[in-house]
């Protein structure tokens, strides 16, 4: 009969309306600033730089190879290589970035910089509440703002950080293994 | 000037405006608007005479206006339908262009 | 003894007005008296509008299993204030090619016409601003001006979506005005008067505990439903919101309006909804009279506004439930269903009037409406227009 | 001649003049609406409540909208002034039309001002507004004028059908 569907629909909405008062489970809204949903582990937003140890300047893994700068599709990364060198995580002398800027207003969160980085130095952050009233300076992040500890990396992406650390340890072990026979030879020669 | 004279003067001026418009404007729709104005001028006369004349309890003037409004509505509907039908053929509403029957 | 204070409470606003008018010289009294009524209308109904916007957003939210606005003030009740400040401080953009004067006048005309309609609504016993002899006619005449305002808005914006919206709005309003007026004509016939005050007064009696509302007759119920459907279309409310269908033509005739003019359109639309609900209450739901004879001690104006809020809730409920119609469905529904049913309701009201009291006239009137309804509904559903939907895909 | 009458008369006449002289057709229609609304005000001022409201309902609500629709459906002829200036002899036609209208007005005004009945002392005229309750109008329509009413209904039906058939799109298969 004409109008049957309308009555059914009205009953459905009425049930939803009344149900939302009786059954709090129905309300799917998470009232954001007070409560928040847990983020997925693979969540990503903008890149940051990892450093080992306590000193951001000394422990920065980045060697200013500028691959990410070249690969970045929107070209939001700006790197200036240092004149001098400092030892990296395996003790080899490397350049380091004197300037490392990311313009997050341009960044499109594509994660290509992370994928191309051979030194596991750049990773994606999960921080998303980044609003600022300064749309030029406030969104241009310098090296100091970008540098974050490895522990922080572990706290936001535990699985991925674990894998990265395992890889780094492996490399370190390889270097050490290479160094050992050399040392032994040296000793033998001596 | 009595109120009745005032009404009648307004009405005749309205009639003259409608007539002048209907004669000078060349859009068929504007001609129709002019005709509507003339019709309404006549209606005003009826109401004025009903108001100030004798035998107002018979409501003759008022009922005439009621019928006249109904006729005007029908006239507008048919007139505009005619204009649209003509426009569909000639792509114009200029009354001067509608001269197909001129020998 | 208890009767007196109850009556005083019922007439409290009337007495207040008399008391205030008593302070001005006799020559100015009619002017002051009508000014007071106007001020009351101008203050009350926009406030109701503000309240309704929150109510609507919260109600719709609950129907969709979410909260709705709850941040500004307690329970989000100050939301309209925030909205008002927002729309007042926004830039007023007028398109360069717009017809400036008409563009400016359209929202004003719409709001003015919507306000004028309240003059004849009796919001309580002895509480109509004017008791016009042709009150219902006045109401519809003023409503007709709103159509023109909508056209002016759509045409002057010089925007294809605005014009489309205006054309749709006018076509829809004209089509649905026919069943709207025809269904109220049944009540006018039954009451024997065009005066809203008189019609409300006619329904104030009681048989046993039941009131003499016209909605409590078979033709009255059908007429009321037809009236409310037509009223929904007349005020461009969902599911008849084609003139402003966001997903199709942006905002229809007020696409090119911003800032406070946009708010005025919003105000006009809601005022129109309240006014036509008020007329529906006056015509079918007994105006200010109580639904049961033992509830008459509650002041009449409380009853009117309770009914008004209930009808607004129904409007919100429908908006939360029904999807928008297609243009051809809209027109088919108006001319192939609403119009014949409205005519039948009129005939049925006449039959009701001349049959003797008793079960017989209930049965006759009910059959007169129910049978054509079922047949008409079946015919419409079997037709290809509202049939089961078939999908065609590009090969 | 009260102030309200003067204002309404000016509104009506101003609207009428604007309707007949403006360039854009839609403006003409809006001006016509003003004139018709002013006329409705005059009816109300003269005490004809039902007619005044019916005037608004029918003219503003229906006829004006109908004309607007016709204007929009014949959009090729949007600017009326272009049409008026496209031909020679326009001035003489304009002058002729205005002269005819002025002559008609002169005659009518002369008649109005010199009619012996109208210039009779005001005492013979009804000074109290006559009562026209809705009940009376309804009675008159249903008793004395029932035949015209029926004819009117028939005519409106005929006009409805006629307008629909006239404006109906002609189907190519029909040929």
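Every chain is named by a letter (A, B, C and D) in the order it is written, and numbering of its residues begins at 1.
By definition in this document, a contact is a pair of C-beta atoms (placed from the backbone, for glycine too) under 8 Å apart; a residue touches a chain by one contact, two chains touch by 3 or more.
Quick caveat: nothing in here was measured; it's all calculated off a predicted structure.
Counting only contacts among the remaining chains, removing subunit C from consideration leaves the groups A | B, D.
As a whole-number value, the distance joining the C-alpha centres of subunit A and subunit B reads 79 Å. Separation between the centroids of subunit A and subunit C, computed from CA atoms only, is 57 Å. Taking each chain's centre as the mean of its C-alpha atoms, subunit C lies 30 Å from subunit D. Centroid to centroid, with C-alpha atoms defining each point, subunit B and subunit C lie 34 Å apart. Residue positions 50, 54, 62, 69 of subunit D are each in touch with at least two other chains. Taken pairwise by the contact criterion, the protein chains link up end to end in a single open path, with no chain closing the loop. All chain pairs that count as touching, in label order, are A-C, B-D, C-D. Partner subunit A is touched in their complex by these residues of subunit C: 59, 62-67, 317-318, 320-322, 337, 373-374, 376-378, 380-381.
On the side of subunit A, the complex with subunit C involves touching residues 1-3, 6, 9-10, 12-14, 16-17, 19-21, 26-29, 31.
Looking at the complex, you find that subunit D touches subunit C at residues 26-27, 30, 33, 49-50, 53-54, 56-57, 60-62, 64-65, 68-69, 72, 133-134. Note for the complex: subunit D touches subunit B at residues 1-2, 5, 9, 12-13, 16-17, 19-21, 25, 28-29, 32, 35-36, 39, 42-43, 46-48, 50-51, 54-55, 58-59, 62-63, 66-67, 69-71, 73-74, 76-77, 80, 83-84, 87, 93-94, 96-98, 100-102, 104-105, 108-109, 112-113, 118, 122, 125-126, 129-132, 136-137, 140-141, 145, 148, 152, 155-156, 159-160, 162-164, 166-167, 170. Taken in their complex, subunit C has these residues touching subunit D: 102, 132-134, 137-138, 140-145, 147-148, 151-152, 155, 163, 167, 170, 174, 177, 193-195.
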